[in-house]
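There are structures below to look over.
Next, two complexes with chain A in common: one pairs it with chain B, the other with chain C.
Let's look at the complex of A and B:
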């Protein structure tokens, strides 16, 4: 019997492959998944060119570090030019104040070959200095962790799973084709398992490949020696951890949205509820935090993302710090929750009745 | 068997004035929408915060009660631009959720079931169709946003006196303008996405995605590129910037007010273009 069920699951997965990977309705999932890859690639290309550009500027017009250290706010434009020479980039703007007086705002940019330093003059007085340091690997790791946890896990994989897993049953209802499956001599549980594995295969392939490409694009801007040293150290472990977290997110969210697609004729309300619950996770008390998927997924991430700098201080106070779950606990909880949801969904599938009129 | 010649004749009954024809769609849609108990419940929940604000305004002017509670009248937060800005943020979020609930079912079913030609074969233009569908959202969202906002302003004006109302008349204008901008943007996005994807479930997910994923990806752009360009695709931040300006609050947003207005203008233009492309009496099926 197991062999028959296995064969049927494989058949369903094969049939669903085209629908999950190449359906027009699901193309936006690729956009969600691969947008960060494009972002990292564009940034890496820009950073590499910028580094070369700054190095070239510094060789043509070298400025010592001591000269940079001597620039303080309050200096005049002429004093800055006397110490550093002419800037490699400048822009002047004029604004008319309320009293009709014309004010000048001048921006100068200098480089020492690695750092880009901007000076902001108001009416010829230096008022603001901004130093843009070059990207370093530790800094890039933090940036990767932040965008992975705040965008990729919480939104891209979440909405990707909504798009693919809800579509497995609800999409068939819309296409008025679910009865073809129902007419086959196949147990409903087997059909559900087949559809779940098809969705899982699609999401895992799409999102893990996106994670891998993001990782590669993030590292691409650094020199070969830096990358080799990093990979020889914690690099591969981190890479593996990110891929595993991505796959586990697909496993967990996939099961939830498969059940949602089966249970609700309008899955948007439960999706919004789950989204709000997952988004509110940082503000929940420790016990409630453990009832959301994102808590376990974040616990498995190799680098802790720093909190949002733009968050208002009052809201920042509401964040309740909680110890992350251990790897074993996190994986066990996600797998157990998935199994529980799938068992419940299979019980629902046994009583599933087709009503094509509601969508 | 007798065979009678059947010919089509013009409708000879009374016609609705062309200017108000768009309202026919809204009337029938409201009848359908209010059959949903969940929607009615949600609308009731949306009134909790304005009700709390009204109670707060009343309490902050009730000197005997404040004395009984051993509070000075100055100890209560002032009813000013910041108060109404927070009101806009809370009710604006609820308006977004209501749009996600109602918006997808407005245009998508008509397109999916080929009903557009039936509408437009009548003396009913595309503009009237869009206006009719948009009115549904505009009125529904008005009920939970600027109308209670103005009621709060009037309660405060009643409690604080004519002088306060005269000095703070700009607050009433800001409440109406700020929330109208938001509900127009929400309605246009909901209609455009509902028309574009033709499937109400996908349209709902897409409305959620545009706002949440837009905000998330915007943060990712800011993080990776160390710029503020990501704020351009975060519509919530865009509208918060405008509200901060309208309510004369200091804003620490990454966008200037001009940039925020430009982003909203582009978004509305894009939505109108999508609607113009989709709302047609015919469809080419390849």
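Let's look at the complex of A and C:
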């Protein structure tokens, strides 16, 4: 019997493959998944070129760190130029004040080959200094963690699973072709499992590929030695963790949206409810937090995303801090939640009727 | 209970408040059984109920002793070609048959053999490699038939199977049904045209508005319809006189004067003879203002099926 079920599941996966991977309806899933890869790649290319450019400028006009340290606000432009030489980039603007007096605003940029320093003069006096630090690996790791947890998990994988899993049943009801499965000697539970695995295969392949490419694009700008040292340290473990979290997100969200596709003719409202619940997670009390998928997924992320510095204090007060779940707890809870949803979905599948006219 | 029957016992199915079928009790032995009736009569609902695609609101169904809810057992025995003219996207005719045969648990080689065999049987060998989406209506009908036949079922259920088929294929398909029936299998077909199936059917079930209005062998169904009393409403100036004249006829069962005195409701076992009588009475001076069949249920089926056939006869 198990052999028959296995064969049926494989056959369903094969039949669904084209629809899950290459459906025109699902092209936006690829856009969601691979947009961050493009952004990381563009940033890496820009950062590498900028680094090379600054190094070249520093070679042509070397400036000592001591000279940089000697620049304070209140100095005049001539004093700054006397200490640092001519800037590699400058811009002047004039502004007419209320009393008809013309004011000048001058921007100078210098580099020591790594840092890019901007000086802002108002009426010939240095009023503001901005130092742009070079991209470092720890900084990139934090950016990756933030983007992964706040965009990739909460939006890209979430909506990707909506697009693929909801369509497994609902899409076929709309196409009026679901009954062909129902006309075969296959248990509804087996059909559900086959469709779930088909959706899982597609989402795991698409989103873990994207995670791997994002990771590679993030590292691409750094020198080989830096990358090798990082990978030899926590790098591979972090990489594995991100891939696992991606796959677990597909496992969890996939089960939810498979059930949504079975239960609801219009998946928009239930999807919005799930999205709201997942988004409200930081503000939920600890007990309720543990009933959302994102809590466990974030607990498994290897780098904690830094808090948003621009968040209004009032909203910051509403955030309820909760200890992340342990790896074992998080994985167990995601798997149990998934199994629970799949069991409920299989009950729905058993009662499913082919009644296209009312769908 | 014999296990070679398809039985429906007091089966009703409602779609919300809309009636699909009501209190249907049928027992179908092996052979060709035709469900006949106009659109909306409940033929497809019966087929979907028998195959478990929908569940009865009440009543009990058994197919060779199995409940339709046991789909994993049922569809080893049953093949169903629905009327839904939609297919999984991107598949060729061969891939369509092959892929769904795989779900029956056959080996790869067996699936290929069965798919090729059934595709040849329905005359689609040349088009087997083409995408189903590019098939004509008749070809899509045939590939659906092939899908129902592919696993060699004991019960073949076909919703309007002759629609869209050219005469040659239609004749071949009918021969196929006959062959299946002579092998002791069930062939349950639906049609909205009686003469299309009455020549091949061992049993006919006439349906209208969700009810079975007649069932049995075709001859008995014809006579059952013809003998069923029909109500006819006549508006006239002298209803009492018309009622008394009508009641003299042996085929008139009842004559009921309308309370407002504007007419009479006649119940007759022979509508044709009664209409001839009305002509006679009109000629004799009774002022008849209007004649309306008051029993749409049986009359509509009768007109639609039997009347339609008569019109088509040379």
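As a convention for this text, the second predicted complex is superposed on the first by the 348 of 359 C-alpha atoms of A that agree within 3 Å, B and C clash if a C-alpha of one lies under 4 Å from a C-alpha of the other, contacts with A are read in each partner's own complex, and residues count from 1 in each chain.
In this text, a residue touches a chain if its C-beta (ideal position, glycine included) is under 8 Å from a C-beta of that chain, and two chains touch if they have at least 3 such contacts.
What you see is a predicted model, and the numbers here were worked out from it, not measured in a lab.
Peer 1: In the superposed arrangement, which partner chain does A:132 touch: chain B (first), chain C (second), both, or neither?
Peer 2: first
Peer 1: Examine A:63 and indicate which partner it touches, taking first as chain B and second as chain C; both and neither are also allowed.
Peer 2: After superposition on chain A, A:63 lies in contact with neither partner.
Peer 1: Identify the partner contact of A:337: answer first if only chain B is touched, second if only chain C is, both if each is, neither if none is.
Peer 2: In the superposition, A:337 touches no partner, neither chain B nor chain C.
Peer 1: A:355 contacts which: chain B (first), chain C (second), both, neither?
Peer 2: Only chain C; A:355 stays clear of chain B.
Peer 1: With both complexes overlaid on chain A, does A:272 touch chain B (first), chain C (second), both or neither?
Peer 2: first
Peer 1: Go through the superposed model and pick first if A:163 touches only chain B, second if only chain C, both, or neither.
Peer 2: first
Peer 1: Applying the document's definition of touch, where does A:213 land relative to chain B and chain C: first, second, both, or neither?
Peer 2: Touch status of A:213: no partner.
Peer 1: Would you mind writing out the residues of chain A in touch with chain B in their complex?
Peer 2: Going by the criterion above, the answer is residues 25, 28, 32, 35-36, 39-40, 43, 46, 132, 143, 146-147, 150-151, 154-156, 159, 162-163, 166, 170, 174, 266-269, 271-272, 275, 279, 308, 310, 359.
Peer 1: Which residues of chain C touch chain A in the complex?
Peer 2: 15-16, 48, 51-55, 71-76, 79-80, 82, 84-90, 99-100, 102-105, 147-148
Peer 1: Per the contact definition, I'd like the list of chain A residues that touch chain C in the complex.
Peer 2: Those residues of chain A that touch chain C are 4, 7-8, 11-12, 14-15, 18-19, 23, 172, 175-177, 179-188, 351, 353-358.
Peer 1: Spell out the part of chain B that touches chain A in their complex, as residue ranges.
Peer 2: Chain B residues touching chain A: 38, 97, 100-101, 104, 197, 199-202, 204-206, 208-209, 212-213, 216-217, 219-221, 223-226, 252, 254.
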